[in-house]
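In the part that follows, the structures are each spelled out as structure tokens.
Across the two complexes that follow, chain A remains constant while its partner is chain B and subsequently chain C.
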Partner chain A sequence: MNGAPASRWLGAWGVGFLALLYVPIALIFVYSFNSNVVNMMAWEGFTLDWYRSILGLPTQLAKSDNYVQSTATLLAAVRNSLVVATFATLVSTAIGTATALAIARHRFRLRRLYQGLLVLPMVMPDIVLGIALLIFFVSLGLDLGLHTIIAGHCVFLSSYVFVVVSTRLAGMATDLEEASSDLGASPWVTFRRVTLPQIAPGIAGGALLAFIISMDDLVITYFIAGVDSATLPLFIYGILRRGIKPEINALAMLLLAFSFLVAATGLWLRSRRQ
Partner chain B sequence: MRTDRADPTPDLEKTSKRAVASPSFAQSQTLLHIRGARRRFATPEGGEVVALDSIDLDVHANEFLTLLGPSGCGKTTLLRAIAGFEALDAGSIALDGQPLADVPPYRRPFNTVFQSYALFPHLCVADNVGYGLDVAGVPRQERNDRVGEALALVGLAGLERRRPRQLSGGQQQRVALARALVNRPRLLLLDEPLSALDRHLRQAMQMELKSLQHRVGITFLVVTHDQEEALVMSDRIAVMQGGRVQQVGAPGEIYDRPVNRFVAGFIGNSNLLSARVTERSGDRVTLASDGGLVLHACHHDLTPGDRVDVLLRPEQLRIDDGTAPSGVALEGTLETSVFVGADRHLRIATAGGDRLTALARHVAGERESRLVVGERVRVTYLPEGVHVMRSAAP
Partner chain C sequence: MSPRSSRRWALAGLLTPATLLLAGCFLVPLGIMATYSVLSPGLYGGVEWEFYPYNYGRVLGAPLGDAEEFDPVYAGILLRSLRLAAVTVVVCLCLCYPAAFWVSRLPGARKNLVLFLVTLPFFANLIIRVYAWMLVLRPTGVLTRAFDAVGLGAHAPDLMFTEGAVVIGLAYVLLPFMFLPLYASIEKLDPALLQASSDLGASPLQGFLRVTLPLTAPGILGGSVLVFIPAFGNFVVPALMGGAKVMLVGNTIEQQFLAARNWPFGAALAMLVLGIILIAMLAYAWRFGRVDGAVRP
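Let's look at the complex of A and B:
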């Protein structure tokens, strides 16, 4: 008697929560194919014009040629994002993994402090970190550009990699490394033949997370980007200020598809390893 | 053990013979000299634990030596110090007279069988066993041959391509054994090798380890807390407690002539009594236990008044059924009678409050099994069967 209504409420709550999460995304997906030029919320017919417009292909519907100023600017932003994400991921994966190894496998003075300092950027408000980095770069006399974005991203991406790899290391028994050493392997050989294969899924997971976060970051990047170094999120933010046009739906869908692809690749790599 | 290939032992034996014939070995058969080894650990509470408190121990070439003691006695720390995983605070470990202090684990000619086995989960059985050879750069063909020999030696031929998690506990242990032996180490270190196995498998492996050691001719150093295991397998046992070696000797020697109360109590079943020497004539001494028993024993180094600990093994006590009145007699009341298969443990309380356990072979229908709890019994023993140890200073 008592349980049935309660579980009904719980079910409704669950459905409501999922709806809040996915209905907006589903709407954007539908709108991105809507041919209604005036009101994108009223369905008129199917079109691929918004996607064509983004890619600089001739269209019938998209009149505002200068909305996405030019496909070249968009592609430059995409390229900037990929360059930033790739380099920031490589550097922060190396730093994060090395630090996780040091903290997990060695006992040294101020170990706890290092650990705390490394996790701190994750909880620091983005806006504070952004301003701090801006002031830091300016006081060093650096011109803002892709290099400052990469450096800035490394600061907080290393934390994410550190946390993910640390979790994996904690699950790996230290006796494997001792066994390797016992069998005649130098520390480097032990790292290459035992430690690395064991923590590789953690490193890959951390790198993937870092890549997606870097691609996605707006607030910090906003402060430390130069004039010609707009990344994709900055670019989208820029055009949004000139009003919401149907092209934005198509762009959002492309971005979403890319993120899913990256995440799916990661999951696939992981399942293959296990 | 099953061997599909030509018997691989001669090959392994060759190595050890070469080692024995080397000049540094000619005068002494001692492989490892451990002198004054000390090691302390800081506890999280800020205190200190002494794991090794000045250990002196020699490991002889080709022997099966067991480090035996309760948990926390320092035996595992000593094993890890020999392997090179723990540094000593003081003292030295030397191999053929060469100190090992600055030699990292991967340059020591020892291999370890870990308690957890520590098999590499990402490698198959053959690659686990071949790991040491691969790292050493042994040519492919020789490497494969030796891996095959080692797996045949431990009875695992045919499982080369399995992953460790696809093996049973007993099989995993054999892989760990093969992985260590394939490198032909000077010394094989085994950390509680049988503790994860069930009772039947453990007993079978005890015999197998011993015979394996004979065949490969490699020195085995085993850490265990199981006294029965130590008695069955070892050439010599080092009994440890409180970071010290209490006694080193052959199993029989340790069983019959323990040096102190701890060793006597740790090995085998024992009746341990505190007593005082009251009289001595020749090699016969008379002792008065604190519980008021008068005991006779053989010893030629005691004077009346000395405090001693007396060990009377249960099998040295016989229930006197009146037929063969030999030895010295004691009287008491039967408190409990416990049937444990081949034997019956009889617990006897003496008038003064001492409690003694006697062992009676269980034979269907014999008098011991008909003894009733609460009955008065007479027990006899031979003075030669009483072991007397000088008490440690109070």
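Let's look at the complex of A and C:
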């Protein structure tokens, strides 16, 4: 490549790339403060009413079906999402970590098969897993609800935790573990005192990732959610199907702030470790 | 207990939860879905327990030796989904390749910051990232207003509910899947090799085609697989940005389950999607040895 002009083009392209990533999000941010109640796309003035409205605070807005039905439905969706994400994260972190330990520290015949099987739920299109689970739960005669969503999320979240913890285990020397067992520590004590402290950051990272993915999942949840177990993404999807409402901007910003905060914490923790 | 048998018990204990979960909530559901796909649809939803290959015949027609139920609409939807997924891959590749090059040449601290910025939107809710583009592309949206502002209002493209909108939405949502594997392989590229090729008289284009491109091929292929798979089966983006005009296979499956209530046909469509994806993945694994190499080539 010949010197300055080429790299200047590359730099311009890179900055454009970052702009492409962030401008659409920035637009939501700007419009979330627009006080125009008639045409949400035309800027009128600054207001916090959309935020106040989704939080159930008193606003100057006239009642209209233009807005999100009720704060109660929204809060129920938020609660459902948090319940699902919390339980699914706890279960899948335990399962994913146990499996990663088994694969990394033991040699057995079906090892390759397990590795392949664990990757599958991540690479399979969501819709296939979603309808397979729907048919399964319905043939079992289960009522769809939060419990089916949690079970469904555990399937693919375990795979993500498995991959993150495995990466951590692969980058870790085994000599400390060997020394500990040579010195007479039982496998459990070795795990508790030597292995666990070393892979703890990996487990925390995997759990964080699992939590975010669970909060974000729409497609699989869409098929296995019951009538009154809509999660937050489902709630938003439902509104968007019926048309865009100005409060969505404020809701989207709150949600973005939440996931960026969680993600930034995770990425920051990881960069500090290295 | 001997150490060997205690290690065996530990292994069994570690593997049992995953085995139960994968068998119970993954393999068995997939098996039931496969079974449903060859059963006859019941009159009022549900299934009749009789062998019925025409679910596949409806899409594939003649290859199964029975064109009776064949409806070219479904083959068309499948082909359109494949085409739009391929276009999405190309768009992501063209956007990410120069950008990944740029990032790989940034000095240390700034490189980390930019990598952080590129990864961050990936954690934002998918539905919100789709919504952002709805704001831009909708008929009264930001794009139209931008055209108005520069006096070209009459020429503003009406992209919403077109294939173009679906590709834009898919590409935006899936960009990080292309960027990260590309970046991983470009980062490993030794600039000395390019220098050597130019010292030996190769033009920049030759250098790119003969050195850069082959060496970054694993990243290109890995990213392409990671973008193609979710693009192909997606139904959220086409439902919100394609409307009824751009039906993809994901929407068709959803309709069969939630509106038409023809579960066996929906299951057959899902099996076809799964089959195509598996072929793509096997081809990739056969070429590069490992399936999980996609993320870290």
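Everything below uses one rule, namely that the second predicted complex is superposed on the first by the 256 of 274 C-alpha atoms of A that agree within 3 Å, B and C clash if a C-alpha of one lies under 4 Å from a C-alpha of the other, contacts with A are read in each partner's own complex, and residues count from 1 in each chain.
By our rule, a contact is a pair of C-beta atoms (placed from the backbone, for glycine too) under 8 Å apart; a residue touches a chain by one contact, two chains touch by 3 or more.
Keep in mind it's a predicted model, so treat the numbers as computed, not measured.
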With everything superposed onto chain A, say whether chain B and chain C fit together or clash. fit
Name the contact category of A:194: first (chain B only), second (chain C only), both, or neither. first
Check whether A:11 is in contact with chain B, with chain C, with both or with neither, and answer first, second, both or neither. second
Which of the two, chain B or chain C, is in touch with more residues of chain A? C
What is the contact status of A:102 with respect to chain B (first) and chain C (second): first, second, both, or neither? second
Vertex at chain A, arms to chain B and chain C: angle between C-alpha centres to the nearest 10°? 90
Thinking of the overlay built on chain A, is A:185 touched by chain B (first), by chain C (second), by both, or by neither? first
Check whether A:126 is in contact with chain B, with chain C, with both or with neither, and answer first, second, both or neither. second
Go through the superposed model and pick first if A:173 touches only chain B, second if only chain C, both, or neither. first
So if I take every C-alpha atom in chain B and every one in chain C after superposing, what is the smallest distance between them in Å? 5
Using the superposition described at the top, list the residues of chain A that contact chain B and also contact chain C. none
What part of chain A is in contact with chain C in the complex they form? 1-2, 6-7, 10-11, 13-14, 17-18, 20-22, 24-25, 27-28, 31, 39, 41, 94-96, 98-99, 101-102, 106, 108, 114-121, 123-129, 131-136, 139, 151-152, 154-155, 158, 162-163, 187, 212, 215-216, 218-219, 222-223, 233, 236-237, 240-241, 244, 248, 252, 255-256, 259-260, 262-264, 267, 271
List of chain B residues in touch with chain A within their complex: 83-85, 104-107, 110-112, 114, 116, 118-122, 131-132, 135-136, 179-180, 183
Can you tell me which positions in chain A touch chain B when the two form their complex? 173, 175-176, 178-186, 189-190, 193-194, 197-198
Quick check on the complex: what are the chain C residues that touch chain A? 6-7, 10-11, 13-15, 17-18, 21-22, 25-30, 32-33, 36, 95-96, 98-99, 101-103, 105, 112, 114, 116-136, 138, 140-142, 145, 172, 175, 194, 204, 207, 226, 229-230, 232-236, 239-240, 250, 253-254, 257, 263, 266-267, 270, 273-274, 277, 281, 291-292
